[in-house]
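For reference, the structures are reproduced in the following blocks.
Look at the two complexes coming up: chain A is in both, with chain B in one and chain C in the other.
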Partner chain A sequence: MRLTSKWKLSFNIFLTFMLLSGCGFKDIDKRFFVVSIGVDLAKNSSKKYLVSLKFAVPKTTRESPAEYQIVSEEANSISEAVRIIKTKVDKEIDFSHTKVILLGEELVKRRGNAGVNYWFVRRRDVQSIAWIAVGKPSALAVLKVKPTSEYFPSNALFLALGKDGSETPYVISEFMYDFKFRAIERGIDPVLPIIKAKKDFLEINTVGLFNKSKMLLELQPEETKMLNFFLNREEKSSLWGKKGQTNMIVNTEKVKSKYKIYTPKGKRPYIQFDVSVDGVLEETTKRIANKQLSKYEKVIGKQFSKEALRVLRKIQKAGLDPVGFGLRYRSRHFNDNDWKEWQRIYPTIDFKVHTKVQISDTGLIE
Partner chain B sequence: MPSNKVIAIRESLKSKLQPSEDLVFKEKFTKEKYLEVLYIKTISDEVVLHENVVKPFFETDSPEDFLNYLQSHAQIKAYENEQKAIDDVLRGEAVLFYQDHVFLFDCKVDRNNAVLDTTVETTIQGPQSGFSESLPVNLGLIRHRYPHTSLMVESTEVGRLSKTKVMILHDSKFADPVTVKRIKKFLGEVNIDMLETGEQLFDSLKKSNRALFPLMLVTERPDRVAVNLSNGKVIILVQGSPYAVILPTVMKDLMSSMEDIYQSYWIAKFLQLLRYTAFNVSMILPGLYVAISSYNPEVFRVQLALSIAGSRTGIPYPSFVEVLLMLFMMELLIEASIRLPKAIGPTATTVGGLILGQAAAEAGLASNIMTVIVSFVAISNFVIPINAFSFTIRVLKYFILLLSTLFGLVGVVLGFFMIIAYMVKLDSFGEAFLSALQSKPGKQ
Partner chain C sequence: MNDRGGRLLNRYFLYLVLLNMFVNVIIFVPKILIEYRYEGAVMGVVIAVPIGMALTYLYSTAMNQFPEQGLPEIVEQGKHRKLTILFFGTIQFMWFTAGLITLIGFIDILSRFVNPEMPKLGLLGIYLAGIFLIIQLPTQRIMYFLEIVLLINIPLISLIIFKAFINEYLSWDSILEVGTHIFTRPSLKAVAAATYCFSGYMNLIIFNRLIRGKLKIWNFTAILFLGLFNLFTTFLIPIGFHGSDGAQEYLYPWISTSDSLRLVYSPIERAIFLFLMFYMSITLVSVSVHWHVAYELIKGMFKGKISKKKNGLILGYFTVLAVLGVIYFNSLLLNRLTVYWMIFRLGVEIVIVAGFVLWARRRTT
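Let's look at the complex of A and B:
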């Protein structure tokens, strides 16, 4: 009977294991995947927020079209809204594929909504690599747009914000972990892309600059492109230049920017930006020979520097720091009051931009 | 006339060997000579006996000459004791009673000595023939490929009832003497009634007589045996089996095919990589499917997650039941195709594999993705070159499946680690199962 007792013990251990599995097991078809979340301010209601979840409805055959379901709920907190939405859908809500979080334009312009962000960070099944963006006119409006090219819900957003799809300098996409870092760290401020809902498509070409609590400044598309170069995010773009009567456009293949903060004694501190641009000539109004290229390079470089300077000053004027000059300053200065010092320096700091343009080709065979 | 002693032996032998249909006792006379022969005609070669004994008997005149002939003949040896004589007669030798002498004449008939084609470990290039079912022929095949004086051949008997002749071969230059000693000791201690083939020793290797991993390599290829001899391995040949056992065996041997040395370097490396990938795929994939689709769907890309969710809609059972059902079906198919007559085999696999899978998906018992996974698992299982090892993996995947059903992704990792830990523990005659290098003599 010794053997039986041994088997009995193993069987009991096995039964205990069964208890351990508990609530984890949930088949994939019993889960309802949220692909994007939108948070807006509630209108005409006593509640604070309007939370909308966009669910992907799985296709049963390959031919059936991409379907989705948007469920919205007004509540004072996101958790509360999600609890109520749970009662409205038949399957378990699963945030593990939530890749886009949209905040309504009005929401981000108002102070004191920082708490909204923390729900996404704390919630374990929302991944930190979700993109976060501003929805214009509202997050819900963006969720409702259904581009015809989309073959599963919110795919257009995923492709536009990620590098998988279109690569353009007008989109500065932002991951949630980075947003959280920028929202907390002294010396670097959050930047979020603004997604505009159009009838059949989405337009993403501007960014909103934040201070620690709300959106303060909205950049124009060209300014967005400049900021993108400062952040060294996307290198494929086009630059425009004019020399005399000749307009030309350079398709850039490589844009690298470096900066250094100089604090000379007794003089005004300045930030030296060095930008190098490699590209090919894409379009001109007049024929340009290979020999003349160096002249045009200079013109474009000058124009670039001018534009860059304008954007940097605009951002500085708003008291924002999306590039992270403050963080760089703090990392190079080890005084106890470095942050205070930087706050004193930044509003009056000078910018110097030097651009080196290299056009490798006119795009024609001579 | 034979002496009393010879008569006593003769009578004793005749009484021990109970009268049977094929037992032959013949007396032959000439003027001067008198010869008696005792043998079993079904296992002795009567033509050889006639050529070597009977013909000279009648052609030789003087009794002394014939005695000299018998004593000098290579295949004739002197009688030692009764028990040995009986054993030899039962193996096909003939007993000769001549004057005051008793001789044993080796005239065993060697059936099943045809060299077979390789059917299990086939390669595209390289030698295509395997062993035969006859021990001397097999030994000859090996000697042919390994003509060295250092090749040691020893023989012993294993099996209480079968008394099967077993040969132990090793190259004394390369083989580790300690290992050889261990193997001989092991063969001496094997507790088995009927030994028909080397594979039967699998279970005897472990103390508990229950083995999961094959700790010996059974091969049908003489070229593999020759290569392994030169690597210091010990070979066991069993009478009547066209398979040789190679010892000690580590995992590297079980994952190697003879193709590895017949193909060029990068191709062999690629094939090896493929094999190890297939090993992992066929062991982990079913468990991984359950773990990912029921516990951690965030691991998939969103497209795949949605398409799996879509293909699973309407399936009544949880994912692990689905997997078990399909795996069970696959195992039945594999087993059936081994047993089926060769003419029906391909039909059954087509019917089973294609139609059953498709029908199961359409009937809503399994998702389309599941069908893909099951066939993937089945195919990658057959990439493992050594059959015995691929059977092990067939069993192991259920272990991982169980753990993944209980604990999800953690279970898959846990199961994999447990299997690795078990493999680390294993050893084959002192050689660690996971070791990558063959130990050389003198190194311990």
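Let's look at the complex of A and C:
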């Protein structure tokens, strides 16, 4: 009996200890939530980076406009900047709602930013599913834009980069973990969307292509759309074709692209791209009879192939590989030096694109 | 319970194996496999499947000759009392450390992702309170507990695995790239880590008390397919997400992978919290099962019922080592030690299985 009472006593003592640990949590009103982070190069200063955190200011009603606060700090590393920013705000900084990470254009054009990229991954509280993008002219400028349609801070960015809001082939959004994957994996290179800050809206229609350490090439909007098709990310889009005097626009519903790498002996290796497009005729300058539709399908297909080839060659010339041809090559070859082989093959490889367009509908009229 | 031997599957046996397959994520199996992905992990996994299956088959069929008896009951009437005590005293340590590594690993994960401000010993205290309540229960009731936990959690984990497989960012090329290293000489460390997925059968040493009737061939077929699927998922899905070159950088590849899953229309967007919730209960029940085995083995060293004082001593021994473990092992050290523990475990397992099978054969004929 004595033993049980001792047990009870020690259990009670243990319970009281549990009460003491009450300060383990900080209440939600004592936290300051970071919704987006921007990293730029520091200007006119001896420090390396300019780190800006965009905090959401909680509001009690939904009617009041979205309020936010941006705190910036120059420092040689992100963690240093965050430590200093901590002294400027009254609450505990919380990164668990950070959903967008912006890197300034200047920053990504300089090599050796691995430390910056790794900071986000190493932190346990920054989501791996945060989007990462390039801010133009600077990350801070993008953070400062306040679109009028915004419910809460940075929501416009979340909606534009995620697929829940607008769906467009001009945006190739990128998650933190996928960026890191591409930045390390041999045979596939990172792609980041470029967000341009306008007066009171944001424009996202180009992407920047990276090698393993910096941004080398910026694609035009139409080229971005092509790359999007190669990556099979977004299918709703439009294509145009011209035959004689007739212009036409096809609204695509399904775009599937497949590729295969051929290395015939003694011949030049090539990549065969097969794209199949399924779409609806949306706009023409002349009436097109349904019988003639197949001719027009071919015209659009040819136009598409030509454009695709141009983009592929442009990317190849820059020595980049956002689609992952190298990784595909590595995954299909059992020898250990396949990566070295590929580096030799890629600059001279040929591309062949075959596009099959099918117009399944001409809308409500013929 | 009256349909003795009439069932196609013995579900209790399956649960025990399944539990180990789930918990390998915490006990660094993916980390070890991914680390050796170019140095023989693929071949290691391929070899581990027949090894694991053979051990499972031999041991459980041998155990099956003593229905509804754990090892302490089987050897109770034996002559070599001292040898038994020595044997139990040594092997209980394997189960205890298995539970301990899981517990320390998961407390580290919890303090990283869920409650960084709470001291680790506080988390340990909460877990130990739960575990000590459970391990002193009769074996049958622990099995009920295990069944309930699995029943609740299997839909959850199925959803996460399903979401991982259909994710458009999952790079099958990276997975295949690792697959092309299949002809590399297998590494022992990878083999040892991969066989852990199958080693749930070892819990039969006590849990055989609940196994009625003969184990059917269906049990083993199910384990084979579950094991293959489990190893594939454990090893290759993180590689598909983080790359054949990049995945080895993560300390907990599967936790990071679950953080890479986005459940757009669910109440919680980050799948990691679902995943952690799932593993909170899986870890609790897994450590409880392992420590229950250790506890019962220690109890088997004494004749008859044990006194309260001895009971307290056993729990005290568990507590002291757990507290020391949490204080002294950070996750890096734990990871390094686990690699060697895995190899040691495989060796001990083979010795126990071989010894028991031979002993059982002599005993029954």
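Keep this in mind: the second predicted complex is superposed on the first by the 341 of 366 C-alpha atoms of A that agree within 3 Å, B and C clash if a C-alpha of one lies under 4 Å from a C-alpha of the other, contacts with A are read in each partner's own complex, and residues count from 1 in each chain.
Please note the rule applied: a residue touches a chain if its C-beta (ideal position, glycine included) is under 8 Å from a C-beta of that chain, and two chains touch if they have at least 3 such contacts.
Not measured: the values here are computed from a predicted model.
Novice: Taking the superposition on A as described, I'd like to know which of chain B and chain C A:127 touches: first, second, both or neither.
Specialist: A:127: touches chain B and chain C.
Novice: Considering only touches as defined above, state whether A:142 meets chain B (first), chain C (second), both or neither.
Specialist: Touch partners of A:142: none, neither chain B nor chain C.
Novice: Touching A:185 in the superposition: chain B (first), chain C (second), both, neither?
Specialist: Only chain C; A:185 stays clear of chain B.
Novice: Of the two partners chain B and chain C, which one touches more residues belonging to chain A?
Specialist: Tallying touched residues of chain A, the top partner is C.
Novice: Identify the partner contact of A:59: answer first if only chain B is touched, second if only chain C is, both if each is, neither if none is.
Specialist: First partner only.
Novice: Could you look at A:152 and tell me whether it touches chain B, chain C, both or neither (first, second, both, neither)?
Specialist: first
Novice: Could you look at A:333 and tell me whether it touches chain B, chain C, both or neither (first, second, both, neither)?
Specialist: second
Novice: Now for A:78: first (chain B), second (chain C), both, or neither, which partner does it touch?
Specialist: In the superposition, A:78 touches no partner, neither chain B nor chain C.
Novice: State which residues of chain A lie in both footprints, the one left by chain B and the one left by chain C.
Specialist: The overlap between the chain B and chain C interfaces on chain A comprises residues 17-18, 21, 24-26, 127.
Novice: Write out the stretch or stretches of chain C touching chain A in their complex.
Specialist: On the chain C side, the touching residues are 112-113, 115-119, 122, 125-126, 129, 168-169, 171, 173-177, 179-180, 183, 241-246, 249, 256, 259-262, 264, 269-270, 308-309, 312.
Novice: Sort out for me which residues of chain A touch chain C in the complex.
Specialist: So the residues of chain A touching chain C come out as 3, 14, 17-18, 21, 23-26, 124, 127-129, 162-164, 175, 177-178, 180-186, 188, 232-233, 324, 327-328, 330-334, 338.
Novice: How about chain A: which of its residues touch chain B in the complex?
Specialist: 17-18, 20-21, 24-29, 31, 33, 35, 56, 58-61, 94, 96-97, 99, 125, 127, 152, 158
Novice: Which residues of chain B touch chain A in the complex?
Specialist: Interface residues on chain B, with respect to chain A: 293-298, 302-303, 305-315, 318-319, 405-408.
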